[in-house]
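Shared chain: chain A. Partners: chain B in the first complex, chain C in the second.
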Partner chain A sequence: MSSLVPYIGVLIRGAFVTLEISALSLLFSFVIGTLLGMAATSRITPVRIGVKLYVETVRSVPLLVLLFFAYYALPLVLGVNLSPYRAATLTLTAYAGAFMSEAVRAGIQAVGSDQWAAARSLAMNYRLTMLYVVAPQALRVTLPAAAGIFIDLLKGASLTSIIGFVELLQTAVNIRNVTFSITPLMAAGVLYFIMCFSLSRVGHRIERALQYGGH
Partner chain B sequence: MLYNPWLFLQNQRAFMLGAGVTLLLGTSAVALSLVCGLIGWMLKSSNLRTLRWVGNAYVETLRNTPTLLYIYLIYFGLAEIRIQIPPFTSAVLALGVQGGAYTTEIIRGAFTAVREEQRQAARALGFRPMMSLLYIELPQMLRVAFPALGNQVISILLGTSIASVIAVPELTYQSQIIGESTYQYFGVFGIDALLYIVIVQIVSAVWRSMEHLWFGKWGRTV
Partner chain C sequence: MTECILSVENLVKRYGAQDVLNGVSFQVIEREVVVIIGPSGGGKSTLLRCINGLEAFTSGRIRLDQLEVDASEPSVWNVRRKVGMIFQHFNLFPHLTARQNVELAPRRVLGLPAAECRQRAETLLSRVGLEQFVHRYPGQLSGGQQQRVAIARALAMHPSVMLFDEPTSALDPETVGEVLNVMKELASGGMTMVVVTHELNFAREVGDRILFMDKGVIVEEGNPRELLLNPRNPRTQQFLQAVL
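This part shows the complex of A and B:
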């Protein structure tokens, strides 16, 4: 245990790296997810099928394989080298984007069609209805799901260590490799637990705060 | 050349072997996760506060930490106390025990979905608690939990790819090896991803038809 003391600062910095890349990916995926989620409720069938295809593909392929694809295969296609950090952010964004689009779609569909009809009768167009009527209500479903996606991202970010990105878990492994003890791994576990558990609490709180009516 | 069209045929054996190991690893981990899930659920619903606390700690700890951490802990940690576990077993342990935490919650949810009247009726007919659980509650719980269990099976199957870091010769590991020797990363990981998609789609189709076959006649009632 005492062997850990000089490394605590490094571990905490690792935790912040994990938080940073997850938060960044969450932010990007929120943008992608919103666009795709709206496309998933589109009236144009090919658009819906396209989104469905994307979501199903991402959900049927392990995150690790997506990471390998972005890190090893994409540079061959694009002709530019991606740093582990960029490949990781790109992959986590694409991955979370699929889940986020499902969360946004579920949110939009949870708003009853009578709301659309009411907005229509008030002469509101699609943009206005979406912005002022549907989006605020859709958030009730989407936001708690987004907290869950953030947790998945924090845990998924540990896989980016395999393509050489040094985040929390890799930091712990590096410390283990000099101290020959698994205490740093346990400490990393504690840090993961603190981050994910408090996030899930926040998610529950958001869920409860957004509940209203007799549902 | 970006993509060699014969890549799959040239390495068919390795890919198929990898897919086989992935399925074997996935099945073993799912089996272990069911056992862990049942134990976790019994702990969580125990009358003793200490056991409940242990059950809660199990679920919350395992759900809020990454799988890769457990693979490292089992693989490095046990080596530290001079216990050597083969990579395959380590991966089954990590995936199964962690999957069990999610399964615990699925089982708990299914149990609350079975109405209290069912238990009372079983008691009135003279079923002992264990018998009533086995013959009355578990079959109904299985029906309620079936779709969620299917998702759990798929997420464990996808999780097996992480076992490649400790050199379990499953699909992703084989792909890495082929990639390193041919430098056909685009094709290799494309095929790898495609094989996962095929496996996942087959498993979920089989799961859906099993659900329809076993529980279809009951409709949506509980």
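This part shows the complex of A and C:
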């Protein structure tokens, strides 16, 4: 256990790297997810089909395979060479984006057509209705789901070590290779748990906050 | 000289293989209260939804206050500003308080200043007897209270015509009265109203004209007191016998 002490700082930095890449991917995927989620409810059929294709593809392929593809195959296919950091962020974003779009779509569709009818009868156009009537109600479904996606991202970030990205898990493995002790791996596990569990609690708090107001 | 404010001519709406509306024609003049009765599925709701452009129709013509109603044209928004609609299930915005429900459209659609919208909302809620409930959410209100908020919300847009789609059908019998009273007050204040309802007493007391609709056509129309006592058409007689 004492052999771990000099490495604690490094481990914590690794945790921060995991957090950073997850948060960044979450942010981007939220933007993409919102746009795609809205597109998924579009009246234009080709748009809806396009979104569905993207979502089903990403959801049906393991994250590990997506990571490999982004890092090893993209240079061959598109001539684009990505650093492990960029490949990792891109892949995590694309991955979470698919789930996020489903969360947004579910949120929008959870708001019944009666709300649209009422807004329309008050002469509120699409933009106004989305902004003031639908989005606030959709968030009640979308935000809790988004918290879950964030937790998945944090765990998924550990896979990025496979393409050479050094985050928490890889850091722990590196320390283990030096100290020949499994303690760093256990410490990494604890750090993962702390991050994910805290997020889960935040998610619950958000869910409860959205219930208030006699909805 | 009272003007014709709403004119429906040969309205047909086909939904797949079904003719929901099969050639409906009638006119409403200013300050008139027209009550529409009839069995479910007769096309009454669809008719209302066509009038304010919530639904498109297959053929025919609807004119409101010199505007042509065409759900596929951008001009339909002008129609929607002039027509207020009250729904059977109130359709209040659950995440907003009563006052916020009422002030939302004037603020964001008409662009009126916030203070004015707030003032008007409070006045309207007072008018329907809900000044104590301005800060309550719909989930904290009874059905009758929610429907009254809905009426205030529609009034906030200064409509020329108000459409009511079975406004009391989803209410407990005790709260039906409070909503009907608000509607009676609106009528005596000169609002032009088209009301789809099963409340025949309301039709008798407040209606200027009554239309009986079945299977997408107006079967009979006339003075409420006369028609309800002495329906001439056998289908009308059949319906009223079952209901009265």
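List of remarks:
Rule of thumb we're sticking to: the second predicted complex is superposed on the first by the 211 of 215 C-alpha atoms of A that agree within 3 Å, B and C clash if a C-alpha of one lies under 4 Å from a C-alpha of the other, contacts with A are read in each partner's own complex, and residues count from 1 in each chain.
Everything that follows uses one rule, which is that a residue touches a chain if its C-beta (ideal position, glycine included) is under 8 Å from a C-beta of that chain, and two chains touch if they have at least 3 such contacts.
Keep in mind that what you see is a predicted model, and the values were worked out from it rather than measured.
Residue contacts after overlaying the shared chain place A:Val133 against chain C, while chain B stays out of touching range.
Touch criterion met: A:Asp114 reaches chain C, while chain B stays clear of it.
Legend: residue contacts after superposition of the two complexes on their common chain; A:Val47 is shown touching neither chain B nor chain C.
In the superposition on chain A, contact is made by A:Ser158 with chain B only, not with chain C. More residues of chain A are touched by B (comparison of chain B with chain C).
In the superposition on chain A, A:Phe197 makes contact with chain B only, while chain C stays out of contact range. Contacts of A:Val77 after superposition: chain B is touched, whereas chain C is not reached. In the overlay built on the shared chain, the residue A:Leu169 is in contact with chain B alone; chain C does not reach it.
Taken together, the chain B residues at the contact with chain A in this complex read 2, 60-61, 63-69, 72-73, 76-77, 80, 154, 158-162, 164-165, 172, 175-176, 179, 185-186, 188-190, 192-193, 196-197, 200-201.
For chain A in complex with chain B, the residues that touch the partner chain are 57, 59-66, 68-69, 72-73, 76-77, 151, 154-156, 158-159, 161-162, 169, 173, 176, 180-182, 185-186, 188-189, 192-193, 196-197, 200.
Of all the residues in chain C, the ones that touch chain A in their complex are 52, 54, 77, 80-81, 83-85, 87, 89, 91-95, 104-105, 108-109, 136-140, 153-154, 157. Interface of chain A with chain C (complex): residues 114-115, 117-118, 120-125, 128, 132-133, 136-137, 213-215.
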